Amino acid sequence: MELDELYREAILDHARHPRNFGALEECNRSAAAKNVSCGDAIQLFLRLSPAGRIEVVRFSGSGCAISTASASLLTLAVQGKTAQEAEALFEKIQRLLTGTSAPQDELPGDLAVLAGVRRFPQRVGCAMLSWHALEDALRTGEKNSV
Amino acid sequence: MELDELYREAILDHARHPRNFGALEECNRSAAAKNVSCGDAIQLFLRLSPAGRIEVVRFSGSGCAISTASASLLTLAVQGKTAQEAEALFEKIQRLLTGTSAPQDELPGDLAVLAGVRRFPQRVGCAMLSWHALEDALRTGEKNSV
Amino acid sequence: MRPPEELRSDFPALSQAAHGHPLAYLDNAATTQKPRAVLDAVRSFYEKDYANVHRGLYDLSVRATEAFESSRRRVADFLEAASPEEIIFTRGTTEAINLLASSAGRSLLQHGDGVLLTEMEHHANLVPWQMLRSLGIRLHFLPVDDEQGTIDWNRVEEIAKKHRIRLLAFTHVSNSLGKVNPAAEICARARSLGLLSLVDAAQSAGHQHLSVREIGCDFLAFSGHKMCAPTGIGVLYGRQELLDLLPPYQTGGEMIAEVRLDQSSWKSPPHRFEAGTPNIGGAIGLRAAIDYLQTVGLDAVEKHTASLASYAASGLASIPGIRILGPRNHRAGIVSFVLDKVHAHDLVAFLDQEGLALRAGDHCNQPLLRKFGLAATARASFYLYNLREEVDRLIEAVEKTRRYFAG
Amino acid sequence: MRPPEELRSDFPALSQAAHGHPLAYLDNAATTQKPRAVLDAVRSFYEKDYANVHRGLYDLSVRATEAFESSRRRVADFLEAASPEEIIFTRGTTEAINLLASSAGRSLLQHGDGVLLTEMEHHANLVPWQMLRSLGIRLHFLPVDDEQGTIDWNRVEEIAKKHRIRLLAFTHVSNSLGKVNPAAEICARARSLGLLSLVDAAQSAGHQHLSVREIGCDFLAFSGHKMCAPTGIGVLYGRQELLDLLPPYQTGGEMIAEVRLDQSSWKSPPHRFEAGTPNIGGAIGLRAAIDYLQTVGLDAVEKHTASLASYAASGLASIPGIRILGPRNHRAGIVSFVLDKVHAHDLVAFLDQEGLALRAGDHCNQPLLRKFGLAATARASFYLYNLREEVDRLIEAVEKTRRYFAG
């Protein structure tokens, strides 16, 4: 089935068992993102070290399998990264999913499973939701109200 | 030419040489009518006798050949008639031109030349313009401002 | 009614495949497909009779005007309106309600007046009224008591008296629940309380017999595209004596009597409310759609779609973890549902793979869904060309998706 | 450009007879005929790719959304806009200007601000601004100095300073005079004075190369039906940073971000301004019309229509008692005229008998015609498919009519 390309086993696993799920009380950065066309909403919580490294990252909210799995994968991917490295990752995934970079420009590690979204433009917004929250949390210096 | 049906010789004659044309200072009834879709405007002036008979009738304004000829013909047709008779004539011509009465139900006298308008629905408004002013002048008891 | 298998062949779009399956188009509450008769009528109009309307004195424009105005008469007949002057052409239901809210907000409704809505209104019959708040007009809501869409219409009286309600605006058929509100009863009640009434008939027009005379409403709005007509055309019906009181909405050509640099005066309804060149081709298409639907028979359409929906609702009910919204009895051709542990978006993405076109989302009913603790549902909605086999395929595919996600 | 004799065959409506003559359609300023390519594109969209847009997750609706949004991108290219987000779909020019006036009246324009128009504006670019008077916004007018349509644009500065002008709104091409206003120059002047600018491009879009980048306007409006597209679709272009400041116009579905019973929030432009189901088929038709016109070549269209108009103006000038309005040089494809002792309505009724379709009336330009002491003119307006022979027939038929009425 074509859809297996989108709902790879790893995606389903992350959707059923999201990692780093639940609010983080002691965060110093956070942001919410909402997909107005479907109502999916994600809150992202970060604790950055004084040196700007992501020490802890968690998310909460509700969404479809794609947005949930993408958020779960995000938390694994950015943990331990510097803010700059995380931003670079955001830009890479955005380029890859919106088709402005070549497909061979692969995503690193576990994130590679998101590449299947590329063929379903109507779902790119779902996959990008948590990443937009990340972007937002990193860019706005202070803790946002979520 | 089909149009000769509309622009009969008598119509052209009345359009070129309208009868009873010009304002009537000493009127006791008057009304204006305007065709919003083309800008044609007619003012009608009546002097009614105490018994309700139309003693004098004149018109002014500017319009196409059909509306001018129709107004000119109107002045001839209603002169000397009672208000009731004039109203009956209004209704008759309206029925005839808007097609709600049978064509054999002919218009009296000179008015018969207006029957050709029937085949040109876009011109019925022109032909009816002065008649609507007549109707208005008769119905509203007092002299209107024009 | 001609059997739906046969009616389908009137609709070119329905003969396509989707992901290797025959397309089962089950998103009719969003919009309907177009029969060949409608596409032909529009095309032939543009090929033979097209010109701008209302002001032309040449033959072609007389014909175009006559075609356009005869569409208005056709709509008036269709709705059993008292006269064609009661029919205003708009882009659709949304524009119709915006027009009414904007004009009524400057005439029929006064500062301090209340407008009564229900909690099941489509955003199109909610947000335009919210905009009147800045004029001191207050909104009140009849609660929806349960997921079946029950509303206690007896409460209208008490609310109307307490809050100086002037207008009651409600949806005839809920686009997410498939609930059918008793429009005639409601409007009679409104009238007896001295309230004006607006019926949002977006989901009922072209889906059942619809008469403003029988319903007794003051205003009614619908969209052509949900009843076989092209996009971009819809109708606001209004009782003549009320339309006479309403100021214009959009302004410009065609709707004015006299224009001076410093002021202008207006034509009478309906032209007062139709500024600029209207969607002439759309009106021709709407007339053809009405002709088509009346040939099929609206009572039959209503029966057919309701029977498919209740067949679907009972079939889906046997799937573990499913939750079906809407009334148990007397359901219009709409079934919304959610599946435990499967987000509606994932569900319809899977159904799409089986050639089943359903919508997932809030269906422009955010407040209602929020009340039920939901952000989105999947929705199957039926029309005259849908088949029982398509419902069977739906039920099977939902079950298959459930199993897939259950892992 | 392919020769007009050949282009004609792309337009089914042009091959018909009128009163026993080949139809000469000379009412293009009111609306244009549609090429087969546009009719085909719309039909094929409804037959293959039709669904509602924006919210569907199934294949068909993804295709419909893509087709609709690609039409928006096509319009952005056509106008050389900075991005598709600057393109708002409306019913036509009239709605575009109503939208802008209504939204700007609640944001960009303040109580006491002035709007500067010209005396040659179409009612569509006059009456919507008159409606803002109730908000304390004042209107001022640049006079038209003569029947050629001369405007002294140097006066903008003095008026702008004296009357706190905030916006200058003017027609690119006058629909009754055929006067072409130097849009780029005017907008540069407006910008240097700190004024916002709106160009009414109803008569120039699809009739000449048109670039918002070159013109440097803040807003621009046009109608599809005057450039080969179906009725019911048009565009408001607005610079992104200004659109961001504008509140919504119509409200309802598709334009909201979040709806609660007590309040709502809006999407960003352009969707903020497109409430409800849009005219999807109309947008597809507009895209096809742009494709068609660009294949023909817009510079060639401009040259062709201007040359027909100046040929017509000089030919008509030899008829005794004729009075021709509009500029002597650099006239767009429009010629308005009146004949001594023959009312314009009678004149076009006679021309109709000869198969010539012309408009008579005020052309939604009442204040301008009143200034010239006229209630109506006859107007011939040309497009890519008109022929020199048609102009010859026109001149001959006007002369014949004159003789008929001279009796």
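For the reader, a short list of remarks on this structure follows.
Read from first to last, the chains carry the letters A, B, C and D; within each, the first residue is number 1.
Following the convention adopted for this analysis, a contact is a pair of C-beta atoms (placed from the backbone, for glycine too) under 8 Å apart; a residue touches a chain by one contact, two chains touch by 3 or more.
Owing to the predicted nature of the structure, the values given are computational and were not obtained by experimental measurement.
Upon removal of chain C from consideration, the remaining chains are still joined by touching into a single piece.
Note: the chain lying farthest from chain D is A, by mean C-alpha position.
More C-beta pairs touch across one of A-D and B-D than the other; that pair is B-D. With centres taken as mean Cα positions, chain D sits 47 Å from chain A. Separating the CA-averaged centres of chain A and chain C is a span of 38 Å. Inter-chain spacing, taken between the CA centroids of chain A and chain B, is 79 Å. Multi-chain contact residues of chain B, defined as those touching 2 or more other chains: 37-38, 123.
Each of residues 19, 55-57, 256, 258, 345, 349, 360-361, 366 in chain D touches at least two other chains.
According to the touch criterion at the top of this document, the contacting chain pairs are A-C, A-D, B-C, B-D, C-D.
Across the complex, chain D meets chain A through its residues 54-57, 62, 65-66, 256-258, 267. Considering their complex, residues 19, 341-346, 349-350, 353, 360-362, 366, 375-376, 404-405, 407 of chain C touch chain A.
Residues of chain D that touch chain C in their complex: 12-13, 16, 18-19, 23, 25, 27, 30-31, 33-34, 39, 42-43, 46-48, 50-52, 55-61, 91-95, 97-98, 119, 122-128, 130-131, 139, 141, 223, 225, 230-233, 250-254, 256, 258-264, 275-282, 345, 348-349, 351-352, 356-361, 364, 366-367, 370.
Residues 34, 36-38, 121-123 of chain A are the ones that touch chain D when the two sit in their complex. Note for the complex: chain B touches chain D at residues 1-3, 6-7, 12, 16, 37-41, 62-66, 68, 120, 123, 126.
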